[in-house]
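Look at the two complexes coming up: chain A is in both, with chain B in one and chain C in the other.
Moving on, here comes the complex of A and B:
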């Protein structure tokens, strides 16, 4: 029986939080998710701007101009290690650095000047202007400023409606997708079928993942049109409607775009996952099936066989050391959480606690199907809850982001960054080995002996 | 590839490229973590709190706990009073801090939430304390936020309980690492002087690994000590920008004389600190300290030929940059580009002091160079392109310039996001100066080794 109180820290779970925590196998009402956090909680969640910025940031040749006081630009300056094969402009930090005067008299003029300055200096094809909390309050008309600037310079200048308070990080994903939809040139009526060419949505190339998948597709005989948005350029994104299929890795951020493109441009979409051997192979097969081409199907099977053979022995080696260990997961979206459960299974690790910041109802249903009885499932957890359930469930390892890392370490738990700060690609067959190696290296490190 | 800076200087009429500062609330959050059993609270959107916690966590590699009012659209239209009241109730119920330190954000400042009135109307459990600081992100920088929260500690808590002052000194260390705070405390201890340090993040942001997580590690200034600070006979504010305001507030409120000194980094600033303590508190400087100082001078003389005439660019927070500039001059180096992102005339710091102070040090040493408050790293990079330097000293953000221009970078200041250990060890005091000299010399000598032709490659340097 799992103790739902937080007695060891002398506090109890606040009543409102109880419905956001469940234990698989016990009679539970539906898990509360997709709701806003309680005021006063130490939430691990972020804001609308954060969501929009992480989705759009990898567009390499854009000026990402943050319209607001300096903080929002400072905290997002090159923190997400999205890799580029070309332009590096997106790695600079641009802000209108609004001051008290601008708050009182409005920031539109300053914004227009800043755009002019930056366009003169860098000649970018695209300027993205992010709205922050304060812009939503003082009511600067970003749409008008951007339209005028676009007219002056003959380039794309698009506002991102990402005022921090106007929803959650998920709403930021949506705001970003709306911008992308404006950028993508709609499919022409008589545009010929593209052949085997697809867009890859929801990969931000944090450590070169998109390049791995691009290589697989090439070997299968499928052309990758553009990635949303890892290592992408303005020009490539504009032509996205030329593809015949959208595959979506991160459904939380890009599902909306996939659905919208299906509606507007008639391009079907397919959710895929390249996390772990099992999901990667299944996803590649489903892609091949979609194109229904004997050559592609054969290439696909050859690739799976070859890549599996290449990595199997190494993963098996790690599995020997890791079998029976227990993992806790706390990540941003539900889709990643689902893949992680399977990926851990491949290396002999059971998931004993799992939660997300912004998971959706249907994702939690899938999670619940996948995990064993007794697993704790929680939405929008705070550090106190994470600590309690990791200890209570006897986890050896936590998967999370920046803020969770030191928490795990303080408890003497191993840790894997599955977010901004990852250093190795974790996608595809190569990524499965990297994942197993990272888990192995942290769980089996001698440092835990000195506690 | 990352070199997106042009040598040609464009006139810029608006905006910042590659900031050398961030916003007030993160400074307020860091200061609040220096109170024992304090939960900082961010009155704004969730994102602010999340960004500050992540950023501090990346620098200190420690868990950073803070709660947020979780503003929604409704709160932004109708005011955040209800959110804050609910937050106060929830924080004390769930997280049980002794004190909650609220700071505002650009959002709550602009919609005009009246924090003192909201606090008055909130349910605060007996014996618990709530303080607040206004930290609008559109003024000053993170240093201003640190200063404002430190001043709030005085405004809310310091009390003058008796007519006679006690033989005890208040030390306000400023926006420095826990390693520096520990070192400053060690120096005052060696002088045998009773003291209260606030804020004090040692033991909080450099807490040991025990296998158990405690939300409130043993460090931090106790609330009782903050109250008693009004009875001390002297306040030393180390760093005018981060600490001056709180010291003057204490002088006005409780008649504790305030002395503002430089951040004690480098031999001269440390000397000033020790000598001020000696004369104000009538103490002998113990041999242990004289020995340390002597060792430092010994190291400076042993290595001075490595430093002389070397050109340096320094950037970061004003208090630290002022001290570093003085220090490198004492080594015979030439700081020719000196820049802070914090604007001049920041609330919490004397008007325009940064540029004036650096300029006068340069003039005295006969150095011609550039100085700027409220600058950004794009500008610093342009300066370096026009007049190259041998060394850059500053935060991790200097690594882009360092790579583009192939100039070594000594990491010092906030934030350091790409190296570990730094926050545990001091830059302050004589020991800190030794460490800095070692870092500077190693950076220069590693570079000399790398660049040497075979015939010039030497074992003994």
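Moving on, here comes the complex of A and C:
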């Protein structure tokens, strides 16, 4: 049984949350997940708009226009570390800044004018118009406004159906994928096979992560067509259907697009992970296997050998100091959580608590398979639960986002930033050593001995 | 003529300056002892605001949400809000709860006054302080949301109180370090006080072995209730309109005399505060404060020639913009662009009224966004920016150094510890400003002089 009491305050966790918390190894019904947050529980989740914005924002040459009140654009202006090798337009945050009169009389005219002004000023190939909560209520017809603007300007103007209340962050991912599907030109029949060329889905080029993977693929002899959506451009995304394979890293956000492209364009997909040495090597091998080419296979093995050799000793060094420490994980999606379990294992750390904001059923099944008995697994946790279980489980460190960081520090725990505004890559072999170094930096810092 | 621009006509905002109204209204509740807040709206609103605030203060910011979903948007969010309050009380057991609305709640017409009334009745909670504050994101900016929440809290909690010695202090959103400094000044002047809101401990809490989900500290409810018995209110909201002014409310409804002063940054503003404190308490100015004043003067003299090179962009919340602009003028730094994301009728009129002929070339921007601020800064040849982290593009794109002050500061540590008020705080702010100018000058000095004056044979350059 899970102890739901909060002994130090004489209160208890919310009863309704109980079905979203489990301990591995105990007879459990299926973990409740993929459901709405419970009011008043201080969920760490964001909204539909947030999910859509995260996925689409890295498109570098698009105007990202938020149709709504100022806050939604204010809180998402250039807060993420997605890098560009070209255009910088995506780093600006545009808003129609709806006011009371727009709520009463509707915001369509203002939106149309905003698009016109932005197109004139920036000449973008693509304008993405994000819907927010009130737009869903006042009933502005984004589709019509966007279609008319696209006709006027001869560019792509696409609405993103991301009214905040209409689901969760994962529904925002889906809304973003729907936009991308509209953008991608469907594969022509009898289009010749592309050879060894793939799309890489679910990497947002934080701190250059997509560049690292792109370099690996190039060295293997595989051409990277386009990344969804890190460092991507409108033109490149349109041509995505020319690839012969989709590899998907962040399955929570991009699995839907991969499946849809398989159905519509006949492009097979493969789930991969470039987090940690083990997953990176295994993923590269599976990609090589897919193309079934002796040259690619040899290049792949050479690359894995060379890169592993480069970082192995350093990681092994950190492992000496870290072995036996206990980690707590609370991240956005299931893919990241799963990869982290393995990555911690590589440096001798056991996971004692693990949860996600928007993990899916099958991801929780995998998590449950991977973790040790006694590990607390929880979905859509809140600060009270995180505090309780991190302390109860004796965690030495937490992996999380910006909101979780101060909680860990106040509890005297080490912390790993696995969020979108970090400034160091965690992907590939280079990322694996960064990760180990970061864990070492925080867990072995001298500051803890003064607490 | 003063050059004013109201950007209200524009159809699109590029890189927003203000944040939304409910964000501002969260902060006063964080400055009350054992308080919690619930945002009546979509789950994301609470999360975005928590993230934004947490990043500035480096403190856990727990804010609940009624998590309205599609169903709630159609049938009303009343059940969600009531359930949210139940859960919030179970998890946090607060002594007071603020209920803030959002765009969504206001647009679907949620009557939070009625819902809170019904809730208290249904749960038998009697006089429990539930404080509803209407804060639609499409209404006013975070600055006004902040003051509206203060006013609502005071008007709800204030009780007829017989006269006592505690002066009411009401501040805009200043750093916890600033609030500690204001308290120190009052203590040195032998003045008792009720500081509201008081985030000096709650949003800059010391590390302790035991973690408190609601951080210790904050203004006591009993002290807020007793504000009508104060000998005076000192409110640092010089530019605030009366309809949002908590100090004005206490004066009009309870007869507490109001001294509505500028934020005490800059020599004159600090002098004004001490004069008022002297007037209210009858106590002489403390000797140690006079020595601090002397040190500020000494610093102003030491730096005046460097400061004379300063051509500044000043942006942010109206109260801070007023105080910083005056401080620049006291030190010979030219304010070229003075901007706020808020709609504020008084700010520019007060500034030009006080220092008109010094601001002839100044560009004033109301309801500004950062693209317009940047454009004017570039056109005017600014070499210094003073404001929050949101001005970082001024440095990245225009190479204008940014002295960080205000909220939010999310790309540097220590926003909560920045001290800028009082004679000592002003000295520290002035040093930060002067040093930014010096660093900029030293970075460009050799090349600039070479490019300007060298006309000999080009060697290897």
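Methods note: the second predicted complex is superposed on the first by the 449 of 451 C-alpha atoms of A that agree within 3 Å, B and C clash if a C-alpha of one lies under 4 Å from a C-alpha of the other, contacts with A are read in each partner's own complex, and residues count from 1 in each chain.
Simple rule for what comes next: a contact is a pair of C-beta atoms (placed from the backbone, for glycine too) under 8 Å apart; a residue touches a chain by one contact, two chains touch by 3 or more.
A quick note: this is a predicted structure, and the numbers were derived from the prediction, not measured.
Superposition model on chain A: chain B and chain C are shown in a clashing arrangement. Contacts of A:89 after superposition on the shared chain: chain B is touched, whereas chain C is not. Residue contacts after overlaying the shared chain place A:120 against chain B, while chain C stays out of touching range.
Of the two partner chains placed around the shared chain by superposition, chain B and chain C are both touched by A:411. Legend: residue contacts after superposition of the two complexes on their common chain; A:246 is shown touching neither chain B nor chain C. Within the superposed three-chain model, A:402 lies in touch with chain B and with chain C [touch as defined at top]. Applying the stated touch rule to the two superposed structures, the overlap between the chain B and chain C interfaces on chain A comprises residues 6, 9, 11-14, 36-50, 65, 68-77, 92-100, 102-103, 110, 113-114, 117-118, 132-134, 136-138, 164-169, 382-384, 387, 401-403, 405-407, 409-412, 451.
Those residues of chain B that touch chain A in the complex are listed here as 1-2, 4, 6, 10, 12-19, 21-23, 25-26, 39, 41, 44-55, 57-58, 61-73, 75-76, 83-84, 86-91, 93-96, 105-107, 110-111, 136-139, 141, 207, 209-213, 215, 341, 378, 397, 400. Residue ranges on chain C touching chain A, taken from their complex, read 10-16, 18-20, 22-23, 38, 41-52, 54-55, 57-70, 72-73, 80-81, 83-88, 90-91, 93, 102-104, 107-108, 136-139, 141, 205, 207, 209-211, 213, 371, 390.
Residues 6, 8-9, 11-14, 36-50, 65, 68-77, 92-100, 102-103, 110, 113-114, 116-118, 132-134, 136-138, 164-169, 382-384, 387, 401-403, 405-407, 409-412, 451 of chain A are the ones that touch chain C when the two sit in their complex.
Interface residues of chain A facing chain B in the complex, by the touch rule stated above, are 6, 9-14, 36-50, 65, 68-77, 79, 88-89, 91-100, 102-103, 110-111, 113-114, 117-118, 120-122, 132-134, 136-138, 164-169, 382-384, 387, 401-403, 405-407, 409-412, 451.
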